[in-house]
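Questions regarding the structure given below will be posed in turn.
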Amino acid sequence: MNRRLLTRLLGVWTCILLPIAGHAVPVYIGSKQFTESVILGELARVSARQAGIDAVHKRQLGGTRILWRALLQGDIDAYPEYTGTLTHELLKNVPANADIPSLRARLKPLGIGITDSLGFDNTYAIGMRADEAKRLGIARISDLRRHSGLRLGFSNEFMNRNDGWPGLRRRYDLPQKDVRGMDHALAYRALASGAVDAIDLYSTDAEIPYYHLRALDDDLHYFPRYEAVYLYRLQLEQNAPGFVAALNGLAGRIDEKTMRGMNAEVKLQGVKEDVVAADFLGLRADADDHSGLWSRLLQRTVEHTKLVLASLGLAVLLAIPLGVLAARLRRFGQVVIGLTGILQTVPSLAMFVFMIPLFGIGAWPAIAALFLYSLLPIVRNTHAGLVGIAPELSESAAALGLPPGVRLRRVELPLAARSILAGIKTAAVINVGTATLAALIGAGGYGQPILTGIRLDDIGLILEGAVPAALLALLVQGMFEGIEHRFTPRGLRLVARQ
Amino acid sequence: MNRRLLTRLLGVWTCILLPIAGHAVPVYIGSKQFTESVILGELARVSARQAGIDAVHKRQLGGTRILWRALLQGDIDAYPEYTGTLTHELLKNVPANADIPSLRARLKPLGIGITDSLGFDNTYAIGMRADEAKRLGIARISDLRRHSGLRLGFSNEFMNRNDGWPGLRRRYDLPQKDVRGMDHALAYRALASGAVDAIDLYSTDAEIPYYHLRALDDDLHYFPRYEAVYLYRLQLEQNAPGFVAALNGLAGRIDEKTMRGMNAEVKLQGVKEDVVAADFLGLRADADDHSGLWSRLLQRTVEHTKLVLASLGLAVLLAIPLGVLAARLRRFGQVVIGLTGILQTVPSLAMFVFMIPLFGIGAWPAIAALFLYSLLPIVRNTHAGLVGIAPELSESAAALGLPPGVRLRRVELPLAARSILAGIKTAAVINVGTATLAALIGAGGYGQPILTGIRLDDIGLILEGAVPAALLALLVQGMFEGIEHRFTPRGLRLVARQ
Amino acid sequence: MQDSEPAATSAFAIRQVSKRYGSVVAIDDLSLDFEAGTTTALIGSSGSGKSTVLRLLLGLEWPDRGTVSIGGHPLEPGQVLQLRRRVGYVIQEGGLFPHLTAQGNLALLPHYLGWDAARIGQRAKELAELTHLPLAALERYPAELSGGQRQRVALMRGLMADPDALLLDEPLGALDPIVRHELQDELKRIFAELNKTVILVTHDLPEAAWFAERLVLMRKGAVIQDGCFEDLRDRPADAFVARFVAARRQLPRASR
Amino acid sequence: MQDSEPAATSAFAIRQVSKRYGSVVAIDDLSLDFEAGTTTALIGSSGSGKSTVLRLLLGLEWPDRGTVSIGGHPLEPGQVLQLRRRVGYVIQEGGLFPHLTAQGNLALLPHYLGWDAARIGQRAKELAELTHLPLAALERYPAELSGGQRQRVALMRGLMADPDALLLDEPLGALDPIVRHELQDELKRIFAELNKTVILVTHDLPEAAWFAERLVLMRKGAVIQDGCFEDLRDRPADAFVARFVAARRQLPRASR
């Protein structure tokens, strides 16, 4: 691995990454990683289009913190948010139930604007089967007090959070004893089948109409309000007043039922988000957004390649020095190789999950996870390559009196280049494969159709991801053969006489 | 990699694998990969214990073919089976609805005995919500003919198999038009929520009571009978007559409802199979089977190590020759490395799924998948190591006039040993990690608690798998350092003067 | 090395052979015949193609033009392994395998030929005596030997299986005068007694003249002169040959 | 190589040094002093520890007992890089880097020292002329050079940065007589004119006597005799020295 190679690689992936940070002329709308947010993002985009404004929707950008930071930095211009998130997570020293005007005042100095409530409050709620609730005459949470025999099933998170079940019980003085934690996905089933009588849910969950549930009225206002709003950069009021008007035009128009219906259309009936949004606005979805196979493929290829090259580039930058250290210091080497080995045993899903608190959701945590996975083959092969240099060559390198750094770069790394490159190639190919899992945390790429295809049992979709992934693996290999051919010193490529 | 190393490695994993094929004094009972079979296996084991016979239950051994072969070979002595499986899959030229006496006659020459029906028939059935069925007056499949508006939702398999929906419709002359394929797990939900009116199911599914469903009577006997029975080696009638008596004693005692109940207890309430079995027999579960943390850990370690060593051993055996060929034949080498690269892009779950048709379920498909994943690093490093041999050494090896095979074993592979071992180590460690996914197809190992822990959100359980996996990775690395130290010729370990 | 056809006793021959590496002409339309049972010394300037000739004779390189014949038959790729096994070849750099001890290097070919350990050990001991190599050095790896020790092990490896023919590329260059002198005596005796076909590359003219009746002097891929030492000394083909023969550093004269 | 303390002009010295490799005694309680500005030849039997002495002087090995001094000061690990940069060292096997062309090998150290490409090229050309190496060979990789060409490149690499001191381990062993003879003339002139400190290991007694006033004859890790050639020839310390000096193959006498 010589220096030029490194520089070259660095160059390539910087070029590919840069556009992330770039900012261009249209208005950029972001959305979070779940259906409702994507629908609201689409609504904003379609409204903008209606107002004749060029808008781009960057879907499923990641977690709250990512969107918030992106908005502050101007990487995006607007995104849908909930007031509860603003008061609880994003702003400091704000009363828990601050209303929108006071939030507006607080956001102004940050250069951020906020619309009025879109019309619904997506907070925690307690849900029951509608027929059962009717039979028992339960409409409000307070009514539960009269039915101490009801069996409650709560998601583990809700069970344990202080502002979940424990607080709720205190506030309403609820008497139920049969309360158990369960997986949220199972909870709906359990409720529908009558195994439990009430569960926690979000008030706009698509499952509410699907299972004929009723969300009980939070009459003591225990749950904080999570009114849906759009946040936007105040600057837009100058640059794109039409867009701000379009956003404000949506305020008050979406009630909980409508939102649930749209969620259900997307989540349960598989209608595309843009179609749902256009329907709501009484338009036909714009055809050009239903991009053809080739443009989908192109986008996924860009995403996938980005993941692979960025993680691999970073891994090369760290793993080669680690491999060098490992070859120099025996003890340290054992430790480094041991640790990178342990990283390999972290199951990919768990690894992605560990990365989320650090990097949010989207490409970066995926890159971080892939980066960690790429270390071992490179570290190990760098170590093996350096340790395997013939002693007479080491000796004559030492005898020149070059400082260790120069000796490393000019003599030792080139002599170990073949082994190092083999490690990088292995890492790259494994990376192409593992990156398909990155779709799990919204990093896109070829994994998206594969995961959807596996879920929907659709071989065509699986192949739509698997085939290009295989081709990319081949391409990456080919590219590296090229690099190897170009950068392995010819002196090392001379073939022996047989 | 020298010859002794290979022999040594081979020896190690043969030792570990052999016990699978070994056969000892107690009676061995097998069971398939699903709850009902495991419960029936437990029932057999507990009955045997009641009869004072030492019996071991090898749970979840794999697919039908594995159990059948194991029974024929005497690796197990008995296992629960279904008559339909015997007539359709295991025996040739048997009428589809052969009764048990005629099956008994057919099995006798094979040395296999069969009990009478345990009392239930676990076949395909058509299920509806009980209340709905009652309302519409539907009890038999024929009754469906009168309700052409019913919406049917079938698993994709049932939709497409000729002995599934197409045949059913012909036999019963069913008029329904609204028939859609859906995921089996979703189908129950859809039925419960009223989105469809009838689905296919197995007649002892735990979900039948859970969702208050009714399995319609197959009045035209369209579905083949899948009576539950035990198969056992006839030899036992001499060796362990008490055990055969115990098995026969279970015949006729378990009806569909009872079986459904037991399935539900295990699947929906998380009761252990042995407890359910003991309950049924009116006993208390034997305590020693609720093994402590350490014995669980030991078992999983054996399973995990088996997976890793077997797959790695096989991979070494194939990958080194492939690497050698790749180094010899440039074109072929590109193809081989390309293909092993493509294998890496197959997502692990998909890979496991592809393996099931070939190897059934259990350790072997996992070993096969892990084997395929292990190829790339070894092939590539073998290639790199061989290609990197200094030309003067190649020349002097050639000049000796040794035949290519001898030259390879005595000169070239030892010179490439360091690189090859680095590849094997990388493969081994990645393997330890990937093997945790093998629990998905019932291969056991550390993945079992990890997967359960992830599903149940139980960090303790996750760590119960993740920590030993990390330690195993370290151990494997340490072991290979040892091997490397022992088998890298000392001449190659001489450190250069600095 | 069966006799046959034209040059009845030709063990090795190259006819009108040319060999280029890229633009470098290593061998230029060269013809040479080496009779069975004789010793020939290849001498000449550095880079003149001496080592290349040896490689061509063993099929380690193939000529761009011309033919290489072994025992009167053109060399074919299928025969090279057979050939190499019957020819001891000592390459200029030694080419010892670093992963094997000296003893291991020596045992490679005999082991393949089916010799038992005792016979291999016996032969190695014999050769160690011949080359004055301490027996203890046999247990060491090449990296643990001195330059001269390595060279002797390489020579021993070439002699191990007692081949009919020997191609030796500067086999004694790194040896001290005493060992070299004694080894010259011994080797010459062995070559003569056992009727070996030997081609020896050396830069030491006295050594060449001692071993070989026939000296072949090369320059730039071609033979300049081919004859006995006296021919070269007394009837040099050109000024280069005269300079080549004369270029010897002498010891200081005794002052008495 | 600053002057100081006892031996005022001692450039390199080892005092009562012993060095063992496992059970092998490479150097046995050896003391030697090399004066600045002089050329010393190390001769002796193969495996007697000559190369080991050079390695000790460069800090490539460290003695088990005794001290190594450079310019009068004990050698310390921190100084070795500095030292090595000012000493040209040509190892016995050449040790050329296979991934660099001959030119690349030559340029390594000067490039680090900050020479520009033109100066490096100029110096390489100068040295190629000195060693009679075809300029085209500079563009080739070590594997594409003949043995003698490689040896010359290794020597050139040692000379490139024009170091004060040179430690040469059999630097001319693989060269043809003409080149070797001319190079001996040239090198001797350079050593004298530029006042180099040279330690030369060689097996060629005339070469040793030509270069050096002082010959150090080693055997089994110890010095047997230390003096000028005439001392060795006329007053050999023991029978071994006498045999060593006498062991020379002579050219056949002219028949006239």
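Labels A, B, C and D are assigned to the chains in the order they are written; within every chain, residues are numbered from 1.
Keep in mind that, in the parts below, contacts are C-beta pairs under 8 Å (C-beta built on N, C-alpha and C of every residue); 3 or more make two chains touch, one makes a residue touch a chain.
Keep in mind that what you see is a predicted model, and the values were worked out from it rather than measured.
Undergrad: Which chains sit in contact with both members of the pair subunit A and subunit C?
TA: B, D
Undergrad: Measuring between Cα centroids, what's the chain most distant from subunit B?
TA: The most distant chain relative to subunit B turns out to be D.
Undergrad: Need the CA-centroid distance for the pair subunit B / subunit D, whole Å please.
TA: 70
Undergrad: Would you kindly tell me how far, in whole Å, the mean C-alpha position of subunit B lies from that of subunit A?
TA: 33
Undergrad: Mind checking the centre-to-centre distance between subunit B and subunit C? Centres are C-alpha means, answer in whole Å.
TA: Distance between chain centres: 64 Å.
Undergrad: Can you compute the centre-to-centre distance for subunit C and subunit D, using the mean CA position of each chain? Integer Å is fine.
TA: Here the centre of subunit D sits 27 Å away from the centre of subunit C.
Undergrad: Identify all positions of subunit B at which a residue touches two or more other chains, and write them in rising order.
TA: Residues 390-393, 395, 398, 492, 494, 497-498 of subunit B touch two or more partner chains.
Undergrad: For subunit C, what residues touch not just one other chain but two or more?
TA: Residue numbers touching two or more other chains: 60, 93, 98, 143-144.
Undergrad: Give the list of subunit B residues in touch with subunit A in this complex.
TA: Its residues touching subunit A are 156, 181, 183, 188-189, 192-195, 210-212, 334, 337-338, 341-342, 344-347, 349-350, 376-377, 380-381, 383-385, 387-395, 398, 418-419, 421-423, 425-426, 429-430, 432-433, 436-437, 447, 450, 454-457, 462, 466, 469-470, 472-474, 477, 481, 492, 494-498.
Undergrad: What residues on subunit C touch subunit B, complex-wise?
TA: 58, 60, 80-87, 89, 91, 93-101, 108-109, 112, 141-144
Undergrad: Okay, in this complex, where on subunit D does subunit C touch?
TA: 21, 23-24, 43-48, 51, 92-93, 134, 136-137, 140, 144-149, 152, 169-170, 173-182, 184, 203-207, 209-210, 229-230, 233-234, 243-244, 247-252, 254-255
Undergrad: Contact residues on subunit A for subunit D in the complex?
TA: 392-393, 395-403, 406, 410-411, 414-415, 417, 489-492, 494
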